[in-house]
């Protein structure tokens, strides 16, 4: 293990970390801008040009607020809840390839923190952990709303996780690998997985909404019913941590969707562009394409938020269990039959 | 490039056995000492995980995948056990409002 | 004539009796008579030499070399006769009592099946099965129709006997595993040559079972209570026939199979037997209860029989053979007498009785004959048996014979004293209205008295049957002991 | 095939994230204002209504059912991953075997639905 | 092997029958399905089957015999269950299903050829039983039984698994044949962890079969669980446990007898005494049966202690005898409890007068338990003693004899109550199904007791 390797990885991790934070921060800004736009308002415009400094102001404010821990709460868990939520949200991006290998200072650097052969499982594991943050925080608050929100959140997250997992299985049958790098590489050119797995993508998309507790699946925190749900008792940065975690999760979901279904950094004619721009600048275009896709997804998240009303809880569970899971299983069966049939046909 | 099993084999097998034995013993002691049904149950899970670890180590050392397949079996059946076990604990809790196994001594030894 | 018919007919009889609820006692009686007839037919074909006759041998559990093997020789023949002969009497004696239920008779006949198995089995497993099969019905008979304390007393009885027999089972299996041909056949058992230590503990395994059954002091403690609490029919079965199982077991299985064990422990067994005689006689002397008195006297007599066997010579063994039959007949008679007394007087206290001879002369005569038979007056059956037994013991050790003989004379005293107390003197209000014996009682007592006298006058008929077999058996064992 | 060293960056990322979380939590604790608090301020918020009892009460069994079903289904789903990755090599036989597995799973699923275990009303 | 498939599918069919409200069809379908499975099992007799499913299972004669006896006993349990489950819960189909699932686990347990299948079978069975023990949801005793059974079951599974893991570590395989070969190939240099694993497996299996000192859950669970479930647990489950135990030891560990025999010997003796002496003090019939089942476990352990060619036969016969007698005892107990509401010995008072047939069958069952000749129990004990004596365990058998004598005391308690004590109870109505089951059990007990040749030569 050479020093260069360590330096390279440290740099990547830090860059990715800062990027994540920035995107998350500016997602809050974007969300308000999008909302305003959709509702024909102005949105934040005081702090800096177009209110661009608003996230910084919001962030700073959180640090200067009094932190209140309710008397009935379990102090340690009360702190652990938001910390955990924030912590695990950062981890998801580690296995994502943001671009092809890039050559910097004569050294070939993969634009991916690490390529492990069980990348998808890793993402799953990390995302599953997110539910602990909600559950612990909600339970520790010793508030009825919080507890209810936490239970709803947990229940919803785990319900949709099954459908999500099943939808990915169909994808894996197409890709035959669990490594994100390979999945991304396979979608070279126009061979985006969404073409082979439209139903799978749809299921995944819905599940991604549910997993991130975004509208229309924001039942755990729905303000009108549960006054913030699991975050009712939180204040100061602990509340901010939950909020950050949510936006980071949104980012991670967008990234995963972009890579798994929309070809990641791939775009038609990439080879030609790479040829033209060389091993340093070519892949960077790919990174740009990737971020374009990500931002599109984030926008989509926001768009939906300000367009679609919230589900009722029974509708939510019905959708998860009675619609998505059977659909996902059907998707697997169809995919399997088609692929095996195709293989057999080819053999003949 | 070194692979996982050679990395695993870099640690002597006895260490795995010892570690597993320690974890297992902690589980056993937990079962015997604790009175809360959930914690007892968690101790049991700890025992199972000690077994999983041990199986994985052995499997890696002997270059035989069946040990890892067995881990899968254990995980799947442990999940089934979890489902049933938690259901039983909930059932008991609903009838007695307690999961302390000391109150379960209506039937004497 | 087929031996199987003899063995299984009681079973058929039991079934018929059970299904035949209303005429249960009649059908049981007829069944027992038919069985007796079969036995007599067999006797007709029987050749009084040392051989096993009428042998039947079918594989039963081939996996372990178990066969359904039965045969009759000179040693089992008298006991088969005793069993088949006493059953009609015992059944008949119960006619007047209010226990005449179908299940009762069915159990009785079922027991006969077990007893016949025991006396004819030449396969150790079969022997054990018969041993237990005889036990279950008698347990139920005693516990269902017995006295107040019957449950506790019978439990004791049952546990005692089963404890003994389970150790016997242990011994049997052990022996089986030593046989060369992997069988349970008695011949294979006889051919074993185990070392003395092994034979020593095997001796105890078997001895325990037999000693409890007989019973020999100090394994007798179940007996007086059980005899007292059991219905009279049960007592007759127990004392008349069942305890012969133990004696037969000693002759047939214990000593020939474990001769070296016998050599080591036989003397102790003999001493126990003689202690039993003395002990029982002393206890009997102090009894105020008719049934208990007879029970203890029975222990004394059985002790003498046992002593006659453990000296292991022809006289002793022949005496034992004939005395088994005599004891069976006498004790059935005695218990019937006691039953009649208790039934009429509703008491068992000897002290409350007296003067019955005046109101019931037939009864008095029968009672007298049976008592005389029991005390072994010459020309009654008891005489020849006890004479031979004492002779046998005498050959072994004069002092033992003296003690045993004196005690038996002593026994005569308490029997006669009882007769006197019950039958003679003045009647009192309890005995004044004593009704003399009626039809079925008369019949039974008449047959018993007849047998007492006939055997007393001509014992050779019986002795002849067993003589050759006994001699053969003794030679066989002695040849092993010499070596 | 990935090597153990590939997991190192994940640990690094974990450390960075952990550091960030600890740092921010520490900072907010340090620089946040500390005001005198009252008991009422520290009670749980229930829209201004006085708090009754403990919040940690038993809740609807439905959630529990969902949790248990999740545990079961999730484990079964995990079983499909290795199969899905390699299913081309298994060919038709592997497909049939997995369909039996899925059929069993589906039978259980239908049973659960039919039993109305997932009805929220 | 079709047996296993038939039973598994049957379980699902029954489950769905329940979903579609076909309650009347549950019993006939279950019983017919089991009869079919039984027929399929018997058809594989002597077919010299080779290990199947990549050596996972081996449906040899051993498996056929023990599967058959388990299926037959289950059929008897099912026949008793008419109208029983309806009374204690509304989810009737589930109970049939769970019993069938447990049975399919049992089939795996008796036919495994790979330790992983032992574990899988054991768990399928156990998990079903945890639920079954607690099916009376509102009943505290049932709850407690379920929880205790579950915790103890899971705990013992842990030991078993650790044992399996260590044995795997030493022999590098879960396959029984390979492990056996390993033992044979290394007569001296067997890895110490193998021995540790062996001991842990003994502990785990002893927990499962309820052998002392790992028996303490048994009485509570047996008493707390619904009677019919107790019947199932104390017969089929126990037999399966012993079959699995025996299969493992006879195939794999026979050459190591010197090592494990003393351990097992102590366990056996302890089991006998604990079971018998505690049974002696019980006033509750059901609880007495629970302790007696412990003592019977002791007798069956005998045949394993004295492992030899005849062990299988001995355990098989003992198990068969024990199963039918237990079914009888539990069937009568259910009827008596339905009438008097109690399970104590006094509740049996006067049964002989009011209901001679019930009393008679129960008596025969008790005699069979006590090992009196002409009943199947005697033959079972006889074979077990025979096996033990073959290995010169004379003292062991002497101890067993002492225990058999103790056993007589408590088995006769109920006979005494039925026949010799009076009580003005009215006639108990015995449903036809019960009469059938009792009759069949009675016939099996007597036939096996009188002419055991049918099953003594199987192995």
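To keep things simple, chains are lettered A, B, C, D and E as they appear, and every chain counts its residues starting from 1.
Basically, a contact is a pair of C-beta atoms (placed from the backbone, for glycine too) under 8 Å apart; a residue touches a chain by one contact, two chains touch by 3 or more.
Because the structure is predicted, anything quoted here is derived from the model rather than measured.
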item	value
Both-way neighbours, i.e. chains that touch chain E and touch chain D	B
Pieces of the assembly after leaving out chain A, positions unchanged	one piece
If a chain touches chain B and chain E alike, it appears here	D
Most remote chain, CA-based centroid, reference being chain A	C
Between A-D and B-D, the pair with more C-beta contacts	A-D
Central chain of the complex, centres being mean CA coordinates	E
Rounded Å distance, chain A centre to chain C centre (Cα mean)	96
Chain A and chain D: spacing of chain centres that average the CA atoms, whole Å	15
Rounded Å distance between chain C and chain E, as computed from the means of their C-alpha atoms	43
Geometric centre distance via CA averages, chain B-chain A, whole Å	33
Contacts with two or more other chains, residues of chain B listed in rising order	80, 87
Residues within chain C bordering two or more other chains	none
Touching two or more other chains - residues of chain A	none
In contact (per the touch rule at the top): chain pairs	A-D, B-D, B-E, C-E, D-E
In the complex with chain E, residue positions of chain C that touch it	59-64, 125, 128-129, 131-133, 135-136, 140, 143-144, 150-151, 155, 158-159, 162-163, 166-167, 169-170, 173-174, 176-177
Residue ranges of chain E touching chain D (in the complex, touch as defined)	12, 15-16, 19
Complex contact set, residues of chain D against chain B	1-5, 58, 61, 64, 67-68, 71-72, 74-76, 78-79
Contacting residues of chain D [partner chain A, same complex]	1-2, 5-10, 12-14, 16-18, 20-22, 24-25, 27-29, 31-35, 37, 39, 41-47, 54-56, 59, 63, 66-67, 70, 73-74, 77-78, 80-81, 84-88, 91-92, 95, 98-99, 102, 106, 109, 113, 118-121
Complex contact set, residues of chain E against chain B	115-116, 119-120, 123, 126-127, 130-131, 134, 137-138, 140-141, 143-148, 150-151, 154-155, 157-159, 161-162, 164-166, 168-169, 172-174, 193, 216, 219-220, 223-224
